[in-house]
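Chains: A, B, C, D, E and F, in written order; residue numbering restarts at 1 for each.
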């Protein structure tokens, strides 16, 4: 028998404990603190009655995202992007991914000429911050839409499905679900998968860190992601039902 | 009888409820979530074994601070400074104040050639974020110094006193302690006072927002600040004793 | 007898020689070269028929300030902020102070939808540049308002009082007025005080550089500042009467 | 029979004509103009005898990439990033992808303490610029390594495999290979796949533009990408054999 | 006899081989690849139906230019300006020169409220990039104007003359025409001359690199430039006649 | 007879009154306020014992320049470059010209491993700021070199000649010397000429603003510039002799 074990002792197909706390701060239309184990991300949804210039007069809204990490969310201090004079490539890549993912569950015509901005700020990082951000931002988005529907007396929600995301990877030769930092920093393949509640793929971003991954490995990873996002969609539903 | 009342119903010399939660995040040497009522600031202290260029080889350390606000800490969304390409004047002014204030309680020679960076990030704003930040950063600094003393086997703490800060102002003609946002945005005079546990002044920054303030008003404000910071120093002690 | 003496030989309550030269350059509506001893600041007031976006249509004007130092105003060359890519924290802090101070003497409704920008550029620095800037900017502002009243045939000046500023500090244990660079760089407490001609406080910014300052020291400093700003207001009046 | 046809008239599994011109400019150690139909990218490989700070003294090299578009590579003029003051999110995302992909075929220890920078500049864009860039950069890298081996008398090439990339997508319901701009701008799913000459995956980035894609669609896309990158690896070999 | 010889073996008054390839890329209204020997510059002309704010409503158009160098156009790699965060002084100086030069051959009133932007991107540099850029940009401008006249059914071309540019300099004491990099980097005087097809001067920029140049040397240089630009105007005519 | 007259009433070959005031500020090694009529530029020369990285260990020094305009040096307020986030193209072009011009009169080997920075800040602008800056910077440079020779006990001055600059142009068809703003903004040709005291040309920058200029016009302009710079060299000598 091989002695494979994950640093956390989890089974290969086991998520970290997930908690979703709504109403974490009071100003935002939606404000959610989501934890994937020790990864904690504050996701707020802000509604503004404006659209970007290129959408003006088209009767559609927009959903966008920004991502940040507090300087000491990480094990050694990271320089503050505002102090460094701008957002780095990794930040831009992540916030573009979050924005695209959440737009996939919104009917922008029903939203009307409004922008919803999802700010995802990592308070504590332990791997998987972007997937936690997407999963939490969906809940914040739902809360903001509820506020909007009450406030504006809308009849139909612009939300057309649920969105959740999880990372998968190959750690010491074994496909595993929901990598924490210890796994992420030494795994061979790292993949972020965004899915909807119908089991459809919204986004797949897989990177071979060590050697190239084979087709059969990919299939195993996608199966893990499918099972993982189903559980996350359940957790979102439970949180929204409270 | 006049019908003066504060929006919160507090007495003129009454602080908002103060809570100080240590160990709020796990990576930083010190990590404190401080609340002054609805104002919540996460203060982390990070130790690094380096000094700025101009201090190299002098056998002294440095204490510095950075300040930020999450975009939706405020009632309407504020643009993210990292996305805007740099820190604004208000941010710089505040983080310089925090840094100066905390340096006033540290013997930089005993600290040795190290930098302690105090990151103060506002999760939720309701007035008084800079004074909450200073008060919380002091506790985070104490925790970081404890870690450092254990790790480096230092015999003497470089901390030479306690530092706390509070705002005072003249609201509807009455000097009041610890302004919340509703008071701050419509008061006549706004003053931030940083004091040490010996009752000495570290910093006074007072601004006449409406009309100029008189000497007798100033005296009343300073008395309120003195009483307020004494209570905050007590709260710090209680938190550190846990 | 103690042997206290200031590097300049001045008495503790003695200002440096102050000169105020109006019309120093010809394009600006107001242009004043002010000297506090060897500190020389060129203050210009520029009137523009526009308001910032957030004031549009409100029938009010705005007064703002910018501050700069020529690279060799200082004893060793300072990097040019334009070449470095932006204004530093100290610059922003100072120009915000100048702007707030001057707004305190203007009725923005009488000003009408106009901006007056006070550019304070230090030609030579020897301590106290921000207080010289405020004191000189007031004179430049008066001149600009006179031009405006003639040009626009206004009946009432929007200026509702005089503003002057001075630094005070504790040098070798003795409270002194109007610190020069030699004193400023080795004093224990440094305070900038902005007052109006009614003896009211507009702004107090005091910093303990060495040890914390006591209440009685603060009282002495404020008395010095009060006497100093009275003399500066006189100097402004004399200059404006020419 | 359905009337599906691609705007270009190509079969669903047909690449655009690919040309690879080595030695396109004369200064770079490797310089390749690659065309995927009307998409033309100049890929240069530059060798420098330095490593980034964090790699110093580790006996390893680095491979990195930068990406740019000439302002009028596109059908309407795009603002020059240098004039706008920095690289945008899309650019950063793409150059990070190119760098990761090419590092996957290099043994950084054999490379020694050197940096090879792959500059991929789009002269003309018609969809698929990032995949053309990766495919061309591999050839430029090979040429630069040949120069290096001759110049430094190295015995072993640090290149451990070939890398090629292609886009696939679902256009009007049909999975197709190598999208041009007309297809890319109206397709439902867009995926970039980077593979090596052993049929292993280096990177998969798939995005649902319209509706989510199903697992069977994904399988078809991956099969197209596999066949497409095999042809591209052949084209690279042929070019390098000249 | 002296043994003067140019590194390239050219006669002192001999241009490098000049080639002008129109339609080099397909999106731009004008797209020209010009070569002065090994110097190759891609010049595109883009027409946009807008004018800068300060020209709005005046019934005039504008012609402007931007200049860039691909990072490995040079013998060692130059940092990408977009990555460095902005255009450097040399780039700005050159693009201002190109813009001014081309505006000299356009009747901006006939152009109407349009902007033509000339992007000059150096693919390979061997001296004289700015003069090649101006000479090529003129051809691209002509092509863009032709497109515009057809598209808008204009009767009169806004182009009022031809513009060409060449460098001249004193190399080893001898005035020479069209310096390549080997000459440029070690010459005593370097001058760029922009002329029109009537023999008039549009711009002269001469710099003494080593010793000051005398009036008689200047006269010889201007004569060379005059002869050189006449040949370039011929080459432009030939290219446009194809 | 035609009724040509310059706005200032000067003869075509007449300079504006030139004044050169040395020791204008006290910190810089050289500090000169130069006036060409209403154009006033403060030129300081700062000596630093360092060289740029690329000159280290070569036994040579460097001379460089920076240029700035106070915001209200101009008839309407110009935005401060430090506030705008960087120096514009015009500023860079001018400071590069000043630096090149002054380097032409310095033997950099005799200077030793030092940098002299010439800061030219325009206090009041009325045309010709760059030529006034060069002419004044030369005097500041001489003063700084004198300080250096005394301080370092150098035997030989690194200054090998005098440098002065003047503008010439064609105003209403007539070649004129030393254009003021009224002439500069409506002239046909504008040329800046930098010469040395031996009558040699250091830099010529001529631009046709309206129509192209002919060779005979150029000859007249150069003759005016030659006579003008001779007078300026005289004024420099007289100032340095004081």
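Keep in mind that, in the parts below, a residue touches a chain if its C-beta (ideal position, glycine included) is under 8 Å from a C-beta of that chain, and two chains touch if they have at least 3 such contacts.
Bear in mind the structure is a predicted one, so any value in this text is a computation, not a measurement.
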{"item": "Steps in the shortest chain-to-chain touch route ending at subunit F and beginning at subunit C", "value": "1"}
{"item": "Most distant chain from subunit D, judged by the mean position of its C-alpha atoms", "value": "C"}
{"item": "Between subunit D and subunit C, distance of the C-alpha-averaged centres to the nearest whole Å", "value": "59"}
{"item": "Distance from subunit E to subunit A - Cα centre to Cα centre, in angstrom", "value": "51"}
{"item": "Geometric centre distance via CA averages, subunit B-subunit A, whole Å", "value": "33"}
{"item": "Per-residue overlap in subunit D, given as positions that touch at least 2 other chains", "value": "85-87"}
{"item": "Sequence of chains encountered when the ring is traversed from subunit A in the direction of subunit B", "value": "A, B, C, F, E, D"}
{"item": "Sites on subunit C touched by subunit B in the complex", "value": "86-90, 92-93, 95-96, 100, 104, 161, 191, 195-196, 198-208, 211-215, 218, 222"}
{"item": "List of subunit E residues in touch with subunit D within their complex", "value": "25-28, 31, 38, 40, 42, 44, 46, 48, 66, 68, 70-77, 80-87, 91, 117, 119, 121, 123-125"}
